[in-house]
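Have a look at the structure below before the remarks.
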Amino acid sequence: RSATQVAATGKDITLAFSAAPDPMKLLRRTVDSPVFSSLVFDRLVDLDKKTLQPIPLLAKEWEWSKDRTSLVLKLREGVQFHNGRALTPDDVIFTLTKAQDEKSGAQVAPMLKRIKNMEAGQNEVTLTLSGPTSNLFDALMFVPIVDSTTYGSGKVIGTGPYVWGAFTAGTQLQLTRNEKYWGGSPEIEKITIKAIKSPQAQLSALQSGQVQMVGGIPARDIKTTSAAGKFTVSVTRPSYQQTYLGVDVRTKPFDDPKVRQALQYAVDRKRIADQVYGGYAEVSSLPWPANTPGVTQDQVNRYSYDPDKARQLIKEAGAEGAEVTLWAGQTPIFSSVLDIVQYDLEKVGFKVVPKLMDATEFQTLVVNAKLPGLNIANIGLVSVSPLTGISTANPARPGENTSRLDDKKYVELQQAAYGATTDVARDKANHDLSEYLLEQSFHITLAQAHEVVLWDPSIKSADTTFLGYLNLAAAKRGA
Amino acid sequence: MILEVEDLAINARGLPAVDGVNLGVRPGEILGLVGESGSGKSLTALSIMGMLPAGVRASRGSIRFDGRDLLKLSQSELREVRGKDIGMVFQDPLAYLNPRLTVGDQLAEALTVHGASRGHAAGRAAELLDLVGVPNAAARVKDYPHQFSGGQRQRVLIAMAMANEPRVLLADEPTTALDVTVQAGILTLLKRLRDETGTAVVIITHDMGIVEQVCDTAAVMYGGHIVEHGPARTLLTRPRHPYTAGLLRSVPRLASEPVRRLPVIPGAPPDLAERPPGCPFSPRCDRADDRCGERPPLDDGFACWHPLSETVLAVREPYTPPEPRASEPVIRAENVTVTYGRRKRAVRAVKGVSLTAAPGQTVGIIGESGSGKSTLARALLGLLPAAGTITVAGRSWAGASKAEQLAMRRAVQMVFQDPYLSLNPRLSIRDTLAEPYEVHGLCPAEEVPERLGVLMDQVGLPRPFLDRYPYQLSGGQRQRIGVARSLAVEPQIIVADEPVSALDVSVQAQILNLLADLRDEVGVGIVFIAHDLGLVRHFCDETLVMYQGEVVERGPSHRLFEAPEHPYTKTLIAAA
Amino acid sequence: MAFWLRKALSALLTLWISSIAVFGLMRLTPGDPAAAVAGPDATAAQVAAIRAELMLDQPLLTQYGHWIGGLLGGDPGKSFQYNRPIIDLLGESVASTVQLAIAGIIMIPVVGLLTGLALVSRRLGKAADAFATAALSLPVYVSAVILVFLFAVRLKVLPATGEMSFLEAPDLSVQFLILPGIALALPAGAVLGRLLATEIRRVRQEEFVLTARAKGVPEKRISRRHVLPSSLGPFVVEFGIGIGELLGGAVIAEELFARNGLGKLMLDAVQNRDYPMAQLLLMLAITIAVIAQLVTEVALSRLDPRIRLEAAA
Amino acid sequence: MTAIPADRKWIRAGRSTKGLAGVILITLLVLAAVAGPLLLGVSPYEQGADALAGPSGAHLLGTDEVGRDLLARTLYGIRSDLLICLVAVPLAALLGTGLGLLGGLTRWGGEVIQRVFDVLLGFHGVILGMAIALVISPGFVAVVTAIVLITVPSFGRQARAALLQQLSREYVLAATTVGASKARVLGRHVLPNVTDSVTALFAVAMANAVKIEGGLSLIGLGIQPPEPSLGTMISAGSRYIQVAPQYALVPVLLLAALVLGLTLLSDAINRERLRS
């Protein structure tokens, strides 16, 4: 036998992902979530990628109270956990309560905190809110429903199409299909998830037929295999990789909005999109997608690349030749972004001191907001909706954030957005928030990168959720 | 003639290392091939074995071994002859044994490679070891070479060479690396083997003494030529070739009466590159005329145009030991003990030795290798910590301040054994000799060059040599530098640790005379360490005999050598 | 006997110093393990909570004591990253690295011996010399890239990366080992080869070879029986040291060939400040190196009776 | 037997064919590194829109992922590698020799230093390098420090061995007997001969230095962008080995050439040492 021929058989597939599944933080969105979370777990709802409207999953239908402060979720009948237990309203309440707690690490905790009270009914759950919450479904589609009896025991038990099987931390996970899946037993019998960090290793594994999918690798690296044409590239909507230039508004000269705006003009987003993300990214002045309701084209293109304008603004602010520190964590992607941004900023007359440090060290500084000057990093969930974005991501959160911007107006805008339950109101809220970000320019979008997955052509109808999580319930494997 | 070498010429990297050598040896005969280092002895032997090193080849002549010309044989044919018909024993017994194989295996191999069965070979190995007189051979075959003493190793090598009862045995300096007492044993062994097996033996040596003791016939080699050959007796008593004569004279022998200065052969052994077409010795020969340099003399027992008519060996200036000048001892050593290493692995190299050394006098120290001579010497110079008291001009090394030590060092100096190791290769002679002046500040800097000049004159070297590096000097010249260095501080005592052992016989005399002159003219006292009894007897007023770190006997040289008391001294003198 | 005792003691001393070095090194590296565990966009509050949970708020001495105590008690503690007993995590990685190591241990001396013998042979000498020098000059990470490109991507005869358990499918797992093995063996083997060659050349000059020749021993036998054994000393030493470094070398090799071995584990651990894991693996690497040293000395004494018997004395 | 002063050795080394080849290789590389950029006149930092472009008139070797000229970067890369060698190796040599001598001269010192070396050797180069690069944030200093620490033991041991050998030499004793002070003996008679055997390690050490730099870059801890170095270019370039082979391969070849040159040279030197 030759190891190059032995790929998986028709009934099972092997996936290579950059991060190893880690069952320790199921409620949190971490780098490894996309590869298994939606295979093992179900959410109450998902969102439609185009209309952004909720799609029923475990919650088969729902009903708002008039004042939009309470929601009744009717659960699907006959749903079973992998350990044979039937799904009960208590499981939903358990999960949501857990997710409300910061300790669970769930990014949407701040939004879920707005749930004052939860009641289990006859196969239904009633959520009572502290106030209108326009983006509640963003939170619900985020949280995987876990088995209340085993959660936290290290066991991983959900209701999803695949059952968590043989697992070696940091290296490999095996999933077997859940014959009793409420949505019907999946085609693929066995899924093996391999953790392969190096993109090169992943790609050569794909090319030599050892795996049928590679994910979580920098999109640009896909271009680097001559064989790119031979594989199907599936692109999910911008998600976890909104790459931004964070500005500490308390370090000179960035206390002056003019200078911050100058930054917006200075950075060549097109080049970042092409060169760092191999074109798999959207060029926009805003963190959230262009098709976000209420956002205007003008806003999207507000700051197109214009060094002269930048210089002029800097001149006006009298900040020529200012020395600025530019922080970033050590990954191939970020060091390239840093390369370009440093170059662009020097072009408009800043003296840049690059500080590229290893990811963990950088992480520490981010958490403790110890990044005087500028920093490059990325966040997720801003892609879901403006409100959800700013409510979940430290760097842009109203109140305390890594940019150390403390502005009542911002908080008011957030509250307004929560209250904006009608489409009209929501559109306005989105527009105003966008406008505020553009004007304040403390959180400068560099790229909305797509999450890219490379499939072996033999795999058909593999899909991803709104969040870009793998969804293989309907996947098939042909010749 | 079982083995006959005719007109053999050997070319070593383009140079004529051996040129027209004729040799012959009969069964049961012992031939002594004598000559100084570099005269071509080893190459001659190796060419007989067909084992000349790379870049060296026999360019002319023939080597007949019972009718066959060995030079014409193929390697595989030669291999048959080697070790079977002709055995060879080399100089340094340890280096020539494989440290990783038991002695038994190595002996057996000698047999198996010539077709003996393993079992038989193994049995024979023990016999052989016994034959050469290694006690309880049967057990020792399992031991490794480093577990044997030097003498025993040499016996092992001989056993190996004799394994297949060869008809010719070549022994290249079989005893040079050994102590006198051990030497004697090896020589008698060779004799015995010859008597028992009737092999023809060729002993290569630079020691006339050996010729005297064991050889039937002898050939003297010089600069690649055989300058003289014939029955050992006649050659020793009535040499016809000036070189042979010179050699015999310049080596003080126990038998002969001591003299003040040894007659020397001037100059140094020839350099292959510039050897005259004629007699190789002519450049150093006092009888030589133009003809000698141009035309090689005919060989009829001796190759010389002006052979010595009658023996001139007797001609030596009669010697009356100078009145031991009544002078205060400078070095006083009282029961000195030196220990190397700690605790378990401690070696007491010198045990309770006492001696005094006074200006103008010579104290000789003899003893076999490892008896502690060098250690004692180094202790005297305060080079290593010693128990007991050693005072120099009244001060003791122990607890002497830096300044005091410096002063003491002016009083005693040392000449080292190996002139190759005792000069720093990176320093020019000038730097080496200037050092004493610098550290002692003996004279203003501008005077130093002149002083160095004087030193060079004193040790008889041309002043221009000051700017040479050690590797540009011959062994004898280096040793002169060593002496010069010790003279620089005008010491009262010079400790000379085997100052001539590493030198060619004909050069030894020059150094010895140099020391003698210094003693008698400058009045330096000398502590003279040697293992050659002849030298000491000839050279020293008083002699100490060391054995395993202890002085077993001491006394005025003439008394000690005429009437030794201690048994060890007796054996020592008997052996020499 | 005291000889070995001394050796063992100094080895222990080395290990102890190393443990301090390792512990200190990890603490010196900036970056908060808690932050790494918490991951991006965690709040300071969450991180603080984790810090306490990981006992990182305790004084260093306590932490060191706790760690060493655990090690000596056979419990290296829990991994920060995976929040599991480290022991449970090692299993497969050990297997993977051991396989790689074995591949190396087999290939390196083979390459070494062949190169060495070729180097001293009259016919192959020149070619071998060229090969050895080239192999030396190519760092592992370069030869690896080239090997993968040729054999996996272009020729498709060998799997590019990844691995397979030897127990499940020996025939396959071996194929996965070939490329990494070669990548490791080329430079290391070349070093050994050259070492062997120089040694052989030296030994050939030794006098006892003359004796053998004088006995009439055929050249072949001289090389086999007298020269080669005497030449293996430095070869063994270097090889021993090489083995000691295999775990370290695995870091690169595993990174390049996407093998989930101890090397990768160590790399991740250090990068994520997974103190207990990193410390354990670093200590493991050092221990192996130290032991290799010791064993080498034994092997050496086997080769050379002089050492053995002095040691015994 | 007759030792030749060191300077001669180097010259002799240069004469042997291998040594000559080494010298030539290195000279060429140094020239390329020093003169190359001037002749080329292209900035290695200038970015452009066309990334990973193939060789063209504008960019003889094409461009990297952010549109910088590869040729320029490669040349500067050689420069920084040479710089690293020239800074790190002599440092290591000094430190190592110093420690080695200390170890050889003082009993307890010897023990401690031996242990320290053992520990350093216990860490594999890569790991030690990684740790250091993390402690003092990655970059030139880190790389140099790493190389120094990794290289120090080999120098130390060599120096110690040489020292012990020297101390037993008779000319050292001779110097003492004529009254030279300990300091003088060391400085004049021992050290020069020690340095001699230590210098022989230089070339090898440099070759290793280059390799280490590359190894660190591989795990992203080498020289940091935008500064180019052969190592960083190889690790970055090997990502594009299929679309832009020249990106990785040219630095690979140059790096190999550099190491090769140094290896050849060190071979030649060592041969000379054995001969004398």
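So that you can tell them apart, the chains are marked A, B, C and D in the order they are listed, and the count of residues begins at 1 in each.
Rule of thumb we're sticking to: contacts are C-beta pairs under 8 Å (C-beta built on N, C-alpha and C of every residue); 3 or more make two chains touch, one makes a residue touch a chain.
Given the structure is predicted, the values throughout are model-derived calculations rather than measurements.
Name the two chains that are joined by the greatest number of C-beta pairs in contact.
Per chain pair, the contact count peaks at A-C.
Could you work out how far the Cα centre of chain B sits from that of chain C, in whole Å?
Here the centre of chain C sits 52 Å away from the centre of chain B.
Could you please state the distance in Å, as a whole number, between where the Cα atoms of chain A are centred and where those of chain C are centred?
40
In whole angstrom, what separates the CA-based centres of chain B and chain D?
48
Let me have the rounded angstrom distance from the C-alpha centre of chain C over to the C-alpha centre of chain D, please.
22
Any chance you could list the residues of chain C touching two or more other chains?
29-31, 153, 255-256 - these are the residues of chain C that touch more than one other chain.
Mind pulling the chain D residues that touch 2 or more other chains?
Each of 134, 137, 238, 241-242 in chain D touches at least two other chains.
Of all possible chain pairs, which ones touch?
After working through each pair, the chains in contact turn out to be A-C, A-D, B-C, B-D, C-D.
Under the definition above, what is the set of chain C residues touching chain A in their complex?
Touch residues, chain C against chain A: 29-33, 35-36, 38-47, 49, 79, 81-84, 88-89, 91-93, 148, 152-153, 156-162, 164, 169, 171-172, 175-176, 255-258, 260, 264-265, 268, 271-273.
Would you mind writing out the residues of chain C in touch with chain B in their complex?
Residues 2, 206-208, 210-218, 221, 225-226, 229-230, 303-306, 309 of chain C touch chain B in their complex.
Going by the contact rule set out above, which residues of chain B touch chain D in the complex?
Those in contact with chain D are residues 378, 381, 383, 402, 405-406, 409-410, 412-414, 416-418, 420-427, 435-436, 439-440, 469-471, 482, 485-486, 488-489.
Chain A touches which residues of chain D in the complex?
It is residues 45, 47, 49, 51, 65-67, 134, 137-138, 220-221, 224-226, 236, 238-243 of chain D that touch chain A.
Tell me, which parts of chain C touch chain D in their complex?
Against chain D, the touching part of chain C is residues 10, 13-14, 17-18, 21, 25, 28-31, 133-134, 136-142, 145-146, 149, 153, 198, 241, 244-245, 247-249, 251-252, 255-256, 266-267, 270, 282, 285-286, 289-290, 293.
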